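Let me begin by handing over the structure; questions about it come next.
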Amino acid sequence: MIIKLSQSSTDMALKHLVKWFAQQDVEARQINWGAQVLLVTSSKWKGDADYLKSIDGVESVTEMTADYQLCTRKFQPQDTVIDLGDGVIFGRGATVMMAGPCAVESEDQVMRTAEFLRSKFDIKVFRAGAFKPRTSPYTFQGLADEGLNLLAKVRKEFGMKIITEVKDTTHLAAVADVADIIQIGTKAMYNFSLLAMCGQLKQPIVLKRGFMTTIKEFLQAADFILSSGNSKVILCERGIRSFEPQTRFCLDVCSAALIKELSHLPIVLDPSHAMGIAAQVPLVAQSAAALGVDGLLIETHPDPANAKSDKEQALSFEEFGRIVPVLDKICTAVGRRLIA
Amino acid sequence: MIIKLSQSSTDMALKHLVKWFAQQDVEARQINWGAQVLLVTSSKWKGDADYLKSIDGVESVTEMTADYQLCTRKFQPQDTVIDLGDGVIFGRGATVMMAGPCAVESEDQVMRTAEFLRSKFDIKVFRAGAFKPRTSPYTFQGLADEGLNLLAKVRKEFGMKIITEVKDTTHLAAVADVADIIQIGTKAMYNFSLLAMCGQLKQPIVLKRGFMTTIKEFLQAADFILSSGNSKVILCERGIRSFEPQTRFCLDVCSAALIKELSHLPIVLDPSHAMGIAAQVPLVAQSAAALGVDGLLIETHPDPANAKSDKEQALSFEEFGRIVPVLDKICTAVGRRLIA
Amino acid sequence: MIIKLSQSSTDMALKHLVKWFAQQDVEARQINWGAQVLLVTSSKWKGDADYLKSIDGVESVTEMTADYQLCTRKFQPQDTVIDLGDGVIFGRGATVMMAGPCAVESEDQVMRTAEFLRSKFDIKVFRAGAFKPRTSPYTFQGLADEGLNLLAKVRKEFGMKIITEVKDTTHLAAVADVADIIQIGTKAMYNFSLLAMCGQLKQPIVLKRGFMTTIKEFLQAADFILSSGNSKVILCERGIRSFEPQTRFCLDVCSAALIKELSHLPIVLDPSHAMGIAAQVPLVAQSAAALGVDGLLIETHPDPANAKSDKEQALSFEEFGRIVPVLDKICTAVGRRLIA
Amino acid sequence: MIIKLSQSSTDMALKHLVKWFAQQDVEARQINWGAQVLLVTSSKWKGDADYLKSIDGVESVTEMTADYQLCTRKFQPQDTVIDLGDGVIFGRGATVMMAGPCAVESEDQVMRTAEFLRSKFDIKVFRAGAFKPRTSPYTFQGLADEGLNLLAKVRKEFGMKIITEVKDTTHLAAVADVADIIQIGTKAMYNFSLLAMCGQLKQPIVLKRGFMTTIKEFLQAADFILSSGNSKVILCERGIRSFEPQTRFCLDVCSAALIKELSHLPIVLDPSHAMGIAAQVPLVAQSAAALGVDGLLIETHPDPANAKSDKEQALSFEEFGRIVPVLDKICTAVGRRLIA
């Protein structure tokens, strides 16, 4: 249950409610939500909503049935809009193209890619990982701090926004120093300490759905960030694991469609990781764009054959160049505009 | 391995090869492929392709690595085109809209639906099931022969093509009497006797992928039909079963994208069954159309709330009416035209 | 809802109820259950149970919440026991070992296997398929009628019970002529015409769970057979499809454990198909036996390396010989006895 | 590829090899393996093994095909044995029972449970979590440091070994101060920084398989720990996520059986989390024990109905008491002994 206090009389109501919940032995978490204060109990708690509504200084009470609360349209019907400036806006009819290589590999590689994306298509958000969560301990794990420095250089030289991944809490501060948008990867979605710490940052957080995660758990993870104080969460569907061995993952467009109804948070799709095979990424990107989503994450690399990670799925510049105008037309067809 | 005999000298080569294979104790199946004759061995057999190519009357030899053969682009690089006349064509840049209710319920229901589809949108293919593979023995199983009669009436009155489902071999003849296109449902895809019998028919067969079927098994099922003599197979991705409980199935756009490269057969998508929730079917249909497929199967019903099967996923006429122009624009955006 | 009529006054009550249901426009299916008559409505129908109970000639009324009814312990608390004579009994603390090759390949092969099983371990049930549902059209599909004749010979010479698979309705009569137990394979579980026809036979039916089938759908399939008049259904868990590529399937011991509580029907396990790798089949068979089930299906072949189907999973006679005493001890440990 | 240096001449060979690999521009990681030193390259690197073997001071060269290396029987054929003293030994024919509640909730709760387990069954390893990775931010997250103190008290009073979970790196040091065995939970298995840090500890690490993790990724995660210097890794299969909604997870006995062949590391099973329903946990525990594994993790609670987490799956003391003698007999039947 979510109790929203009115701005004018927060202190008094808060004092009263904290005492009241303590008497009832019910945990109610105090959360800053924009300029307002919320008290949130477990959704399983079924208290007397009418009484709570009657308290002076209580603006609204939302009774929940689902285990996720702050991210729901039941609590906030209108779309969350996240505006990073320079025309990069998530959640108001725009589809933001975020592109770049899987990993930062070298200065030459990132600068060439950024130059291509910015000069040819005016792509405004550059993606690349400095900390790579690789499953093998014997392969390239990312350039780490050196990679972050190169991303800072991309931002400075090309005026692009940077989205980059955090693997775990050990390097979150370093990532937060550089990133305009912080990405929590599919393998870190259940790292609840990381979620809580991202909830204390100012940047938008792209939260990738775990590839084995139900919608319920995904939205609960979003609530972890939201309830820690950061309301700028962007959901990302990036493919779930299925029984099919010939594709890397399975882009779950049905869940994405449902999430658009369940949650007010922006949602972006990652066709590159879902498909995992460059030849088919453009088709899947088309499919993703047609869903009417708030953004796309697409991998491109100056020399895919020699990429240090995920080389099978990176588009060459030529392939990337061919897909942009098609995506633009699809966005128009579904009443949106491609930010690129 | 596929050995294609030249039309001019089939008999002689055939005689020679049959004898040769018998001597080697290798099973080679004789298949009529259009006007030509093929001999097909298990793909595991690795014989002397050079020798076979050198035989008089052998036009080509295709060595296979996959377990499916006739459906592959390795055997036939160009798209299979299936033309039913009246502008209904699968496989040449068209996306054929196939619409109608899940099940034939009554004369009023099918006639009203057909009238709506034909007069408002010039939909050319009417879908509805007379034999329903329901999982509960205590619920509506379809009108059976009476349903087929009503479908025949739709065809006669509205000049629409009829696609309807066959559950198993017991009623295949009856279905084949009425249907322009025969649909093998997801639960019947492993019914190999049914596949073989459909291979002896003249009609196109829409083969739905089993909801937990790999691409490999799906294309092997297609080969069952093709190798029995019917080359008019249309593949259908209709959603796979995942771990997610809030959606009915998961439309596997990644597999569909890959199948377009692996096989020359047309492919259509069924967003209604995949999503299973009417409110989200339009978004998923958009996603499906953007993949650039040869057709779409969409359920619509004059009164979804009272439909006798799958009522959660049927679009009302109003909802259906809103989605058609959007799909039309998406098809145009991806270089195709919507047949509707 | 299940209405059971008392034997003494069936006719009168039936007449009354049929009329009453017709007036209510509710479908109620009439089913022979042993010597009694049932009327079964969809489980979604929520009628006035108290009124129904009050009708003369109504013995009991079972209100259902699940979509499966006749197979539940709610309807019949005590275990169904299926006794085939000669000590072959499913459902009374016995674990029946059913063994043999995947497919009938030749007289020599089946006779050698039967001789081995009968003389060394007194195995009483011989398993082998004459009709094989193979996914490739270019591989061995079974010996068909010739295979059935060989199975008849095994029965005659060794006095073993025969369990063999039916793929679809086209050859059910032939299989029923020979089989003591008819097996519906995992790929045929959704063949509802086949289920209904098996419901009209006298033999026990081993119903294999589809590898993509929920417990609910599995038990509904059982209800298809039960509601058609055959109460001798034996459930079989044989592995579900997961995301793991290194094992053939995944034996779902958790579902099997739950099914034992939900249903009164006997349940048997098939470790061979689940594991798919001979070296690990004994361990998985141990796991299966420890669950306290009514039977095991294990594949063994005189020459696994040259088996015509599923050769990777067949145990050699030596391997089979080693596992029997271990399974015997496990059965004892869990309070059962191994019938072998 | 794994190059093992002989103890007598490590320094010289190491110097030579480091230089040689640098010249080849191949990354080779230096790893302490017991008293010896290894150089490990990516398994994709296919270098001249014969040359490497010929170098003075090289004891052995293992060429790998799989992406996991140190955990394989190819590298180390014999079982890894982990002996914690007091008869707690993983990997030499013993099945160690590890029992306790899901979470530490209060002093009374853990002391009562430990007293019960120790006095009635001589259970030697106590399990309970102080840091709980809960998916909802609004529910009990564990007692944290206070919980660890209570676990230390259990160890002191009852002489039991403590196994407890670490969620992420933020509290690893605190956990390591108290735990005899550190458990990495299913949701943390992809936390590679955590794996590496656990690789620098002295304690055995129970690594739980992610619930949608392939065997390959699971064993790669084990290699992360091993390659960081801790050879005491115990694998744990705890159920995978399937499409079945009625069970919590699906205990993957087939994968567990295969892992026993692929890896020399001990393996334990967790029937409680896999099944998720207390009534069926005993059956699944039986199944797990019969697989011949090195340990079992079973949840028991003095008052399951009021447990603060996972209450559905905790056994009451009475239920726990009934299953121990059965598990003991099963272990004997498969040639092992239950440590309890």
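In this document, chain identifiers A, B, C and D correspond to the written order of the chains, with residue numbering beginning at 1 in each.
One rule holds in what follows: contacts are C-beta pairs under 8 Å (C-beta built on N, C-alpha and C of every residue); 3 or more make two chains touch, one makes a residue touch a chain.
None of the values given here were measured: they were computed from a predicted structure.
With C-D and B-C as the two chain pairs, more C-beta contacts join C-D. One of A-C, B-C or B-D repeats the interface of A-D: more than half of the contact pairs, counted by residue number, are shared by B-C.
Mean C-alpha positions place chain B and chain D at a centre distance of 48 Å.
Separating the centre of chain C from that of chain D, both taken as means of CA atoms, is a distance of 37 Å.
Separating the CA-averaged centres of chain B and chain C is a span of 32 Å. In chain C, the positions touching at least two other chains are 212, 216, 241-243, 245.
Here chain D touches chain B in the complex through residues 212, 241-243, 245, going by the rule given at the top. Every residue of chain D that touches chain A in the complex is listed here, in rising order: 27, 29, 40-43, 67-69, 133-139, 141, 167-170, 187-188, 190-194, 196, 210-212, 216-217, 220-221, 223-224, 227-228, 241. Against chain A, the residues of chain B that register as touching in their complex are 212, 214-216, 239-240, 242-255, 257-258, 260-261, 274-277, 279-280, 283-284, 286-292, 326, 329-330, 332-334.
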